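Some structures to go through are shown next.
Here come two complexes built around chain A, the first alongside chain B, the second alongside chain C.
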Partner chain A sequence: MKRIVLLWTLFLLWPGIGYAESLQQTIDGLPAGSELVLEPVVYHEAVSITKPLTITGVPGTNFQVDGESPAISIENTQDVQIRNVDIEQGDTAVLIKSSENITIEEIEVSEAGQAMEVHDSKTLTFRELLVEGPAGHYSAKGNGVALYNSEDIQVSDSTIRHMRDGIYAEKTTNLQTSGNRIENSRYGVHLMYSRQADLSKNELSENVAGVMLMMTEDSRIQKNTIHEHTSPNASGLVLYEAQNIQVTGNVISANALGLSLQKVKNSQVTENKFYGNQIGMEFIRSAENNTRGNEFTGNIVQLRSDALGGMLAGNYYDDASLLDLDEDGYGDTSYTALQSYGQWMVRKPAYQYFIEAPAVVLLNEMDRQMNSMESAVLMDSKPLAKPPSEANGNPPMSLWRLFLGAMLLALGGWIWKKESTA
Partner chain B sequence: MLRSRWLQLVGLLFVFVFAAVMAIQQLAIPPSSGFSRQAAAMFNVQLFLLPLFLLTIGSMNIAGDAESGWLHLLKTYPMKMSRYIAGKYMALTGAFLLIALLSMGAVLAISGIAGALSGMGVYIVTSLLLIFIFSALALVLGAIAKNRLHALALSLVFWASWLLLIPYALMAVGTALAGHVVKTLIIFNIHVNPVEWVRFCFFLATGNGDALGPAFYGLTGFYTEPLGVATAIAFTALWIVLPLSFAAMVLKRRKRQA
Partner chain C sequence: MKKWILIAITVMVLSGCGETDFTPRAIEAETDICAVCNMSITHEEYAAQLIEQDGDHLVFDDLGCLIEHINEMDQAELGAAFIKDAQTNEWLNIERAAYVYAPEEWTPMSYHVLAFENTDAAQQWLDGGQQGELLALDDLYGFDWGNHH
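Presenting the complex of A and B:
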């Protein structure tokens, strides 16, 4: 009898073996506006939230949900906050539908098909997400944050890696993304049919395209760092059939193609730094946009375009041979960026093989001499004589390189002298 | 060979031009990863100058031996022409390796003052490729040439063709051809033009095959796999062995005719 009582007691006390309320039942039992602090355990159940609620995890709070159900779904409600939770595996980590005033922060998502999916919602904040996608091709993955038919969204201070698109927005209005780091995905930020987006101070690297903006209008892309998009067909930014877009103050470096404007209207590209890209910027049927105050330094092909060209004014080009005798800050002669090789590269992609080949280097030099007199397709009539940003002081001196170089010179000279007098 | 005044001048010129271009690029362009203008400038100086100097000096050296009668004298000795060619090859490559070493020293010393320079490893590899391949080709041209002027003319014709004329012809013809035909012609040119082969190897070695564009994704993909790397090494060896063998064969035939 004593053994039976002992076993019964153990059964009741042993966590998880005795009857315990499921998380969903706990949530259902809470009144609207409550705050729930989760245990540091692994939850294997999907939960649905349909009322105002604050859910806070602690270190060790983890959701592992198999199947197609989202780990956490929020539907037809408002004023929900979820923070400090890890979500592993699963089809979708968090699904939000027809809801308002939702905050999701300090959430770590790994190996999930899609991290955040939002439909028909308003006033959402995603902050400090850490999303790590599964291995495999982009086509087999979902997005870091996917937004559909929503408005007033903030995504900030998050890190997203190895997803299809870091942030995908479709028919979304007033999306603000800032301080995010998105890498190794197909597109860092992908906007379709959206309006009034603001992409600021994000770092986008090693994606197929840092920013892909299609059929979008009235948006700003400013002060982002966009670098090392170098895979085939990769670009820092691609703007396609967009209008009223401001691309301002970005650092666009070491990309296969820095910025591509395709069928873009009434937009401004100003005060950006194009450093060390294979192709700095291209215009395809985008002649009527304002490109001003940018710095083109160290790009193999500075600018290229179709026959329509592009509108350039007051940019700095490191390959321009300019005099500024009147000291007004602008070159006394115009700069023509037209390179026949660059034009052909747009028309026949196979020509890219010759990029910076010796033959092309000579061709560019000939173009430079001839274009200064003839062409106005990609001409800047007021090129800046000096770069808008000054160099960062003197480069650091390296004594060991100086010493090693001097030693090699001395050794080479000694061998030469010894052998020639032998 | 190092006693040649011409070689000394060439060495000085190469070191000066190479160091000057690199210093200008280092001071003007911010450091950048990937295939940057700095990397392209460094490689283009090598592509323009090293083949030119190697072809002219190497071919004229052999042609000079024939013109002065020194080769006829050597033929009276029990020495195989293949050993003569091997000796010339080692002397030529040795002299230019020394020039490359001096250039590297000058650039390193300048980078100690003007700022860090990336890609020295690649510079060494491409220098070795150019020196070993174009030394072999120079000896063929020298063996074919009747005299030094002929050798100089042949060298300039081949240098200009490989470096400039063939690419221009391809670009010109390509304007009237379909894209896939242009691509096929370019791939053919990569394998029959030593300048393009070295250039292609440069992109592969630096991991910048993507810079050649999506049209060549398949080709660069193949040459970065183990089988492709082995093929590239074998192909490079052929660019050295075949010209040397051909040069020895030409001289041997001449020896028999004499």
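Presenting the complex of A and C:
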């Protein structure tokens, strides 16, 4: 009898289970402008959004979609917001086409071929994304945020790792990226045929190149930290066939090549700090750009160029032997960037072990003397006598160091006095 | 006997100085970068390469970069050049390939030119509903590449 009751109960409940709405059916049934709060469950279906909608997840909301369908598609619509959702696996996590005023925030994407892909859209905001790419070589992966033919895009406060390019923009206007951390990818930010991009306060590290900017114009790269791009062919920044670019106030350190200008026109490289790179900066067919107020410290080769050289004025070089007798802040003699041994070290990194060998020191001194006599293609006629970071204010006084020094002096005096009286 | 040894050594030495091998090599995604634009070769299906007379190989990520390099190099140094077939992904000698400028087709540097085994294959691709303009190699050397400055 109990079995019959159980079977009857299951029979009554079965239709309710069988006709449970899929997430897509729920979305289709909502009026435009609605807000949908998702359950803390794993969704195994891809969803398509074609009307204004706000979708909010809760901790535990997760999409796991196999196959080539994007987990979330947004097409031919406007005013869509998606936040607080995790997306795992899949070909593309979020695909946006022909849409406007879309906000994607607090989204965690892992193991997806491509995280965000955007075509022909306008006024998009991506904020607080956490993108972790799958294992394998970058040539077999997609991008963190890929933008095509779009405009007015913000990507901010996001972390992207192990993708092909962290942010890839093609034929895109007014892209603003700030506060992002992009690492272990091919290029941190890759711009092609784009205009009016603004890259500010991002941290880019351990990619093949931190910034790869190609055929792009009227853009700014400012106050970013770009470091440790040291793999074969790696660079902090590469600007190729670009014009009207401002590279200002960046810290570019510990890269194989700090900044490479190739066929760049009408651009400014100002107030950057080039610290500890194998090569600080290079000019290739980029002689007509303004390079001033930069600090070149601890680079194996400060600057190099092709035969056309580069335009240098008012930079600081830590290997310059300068006097500033008139105390105008500039060296009394010009600085010429040419270090034979440094150029060889670029080709044979093992040579760095001999950098302070007497013969190398002698060679560097000969370079220095010869450079001051000949007109060279990389000459700064007004090198700064002090690094800009030091000149922009008094050096900070360290009270504990002052106290420690005084104590050591007193201790030394006491020992000397005690020994002399003994 | 010494004479024969001398002849054998001479033959061996001369055989080592034989003709340069103008066979295209495989792309190394880990280390290869375009000799013109410095982009890494992540889309091997659009790659090109040039072999100089001394046997040095240069690789390119897009046909447009190869053409730019050829236009600017000393022509006496050009040994052979190859481009990937858009349909089979096999290397084609650029002198024997046919080309289509297809503005809607993506290529790594947006030069939008695809290579085919011959004119028939290119025409067949266009007849399949694709938009584009059939080109010969000579057309590429003076081609207006659109987006590029």
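Here, the second predicted complex is superposed on the first by the 346 of 422 C-alpha atoms of A that agree within 3 Å, B and C clash if a C-alpha of one lies under 4 Å from a C-alpha of the other, contacts with A are read in each partner's own complex, and residues count from 1 in each chain.
As a working rule, a contact is a pair of C-beta atoms (placed from the backbone, for glycine too) under 8 Å apart; a residue touches a chain by one contact, two chains touch by 3 or more.
Note that this is a predicted model, so its numbers are computed, not measured.
K.L.:
Should A:Asn233 be classified as contacting the first partner (chain B), the second (chain C), both, or neither?
P.N.:
A:Asn233 sits against chain B and chain C alike.
K.L.:
Counting residues of chain A in contact, which comes out ahead: chain B or chain C?
P.N.:
For chain A, the partner with the higher number of touched residues is B.
K.L.:
Identify the partner contact of A:Leu404: answer first if only chain B is touched, second if only chain C is, both if each is, neither if none is.
P.N.:
Only chain B is touched by A:Leu404; chain C is not.
K.L.:
Using the superposition on chain A described above, determine whether A:Trp344 touches chain B (first), chain C (second), both, or neither.
P.N.:
first
K.L.:
Please indicate which partner A:Leu323 is in contact with in the superposed arrangement: first for chain B, second for chain C, both, or neither.
P.N.:
It touches nothing on chain B or chain C.
K.L.:
In the overlay, answer first, second, both or neither for which of chain B and chain C A:His137 touches.
P.N.:
Second partner only.
K.L.:
Considering only touches as defined above, state whether A:Met214 meets chain B (first), chain C (second), both or neither.
P.N.:
It touches chain C, and chain B stays clear.
K.L.:
Contacts for A:Gly276 in the overlay, against chain B (first) and chain C (second): which applies, first, second, both or neither?
P.N.:
Touch status of A:Gly276: first partner only.
K.L.:
Under the contact definition given at the top, report the residues of chain A touching chain B in one complex and chain C in the other.
P.N.:
In the superposed arrangement, which is not itself an observed complex, chain A uses residues 232-233 for both chain B and chain C.
K.L.:
Across the complex, what residues on chain A touch chain B?
P.N.:
228, 230-234, 253-254, 256, 275-276, 278, 297-300, 318, 341, 344, 348-363, 395-413, 415-416, 419-420
K.L.:
Show me the residue ranges of chain A that touch chain C in the complex, using the header's touch definition.
P.N.:
137-139, 164, 170, 186, 192-193, 208, 212, 214-215, 232-233, 235, 238, 240-241, 243, 260, 262
K.L.:
Using the touch definition from the top, list the residues of chain C that touch chain A in their complex.
P.N.:
For chain C paired with chain A, touching residues are 29-31, 33, 37-44, 109-110, 147-149.
K.L.:
Any idea which chain B residues touch chain A in the complex?
P.N.:
2-3, 8, 11, 26-30, 32-38, 40, 44, 47-48, 98, 101-102, 104-116, 163-164, 167-168, 171, 174-175, 179-180, 182-183, 186, 195, 199, 208, 210-217
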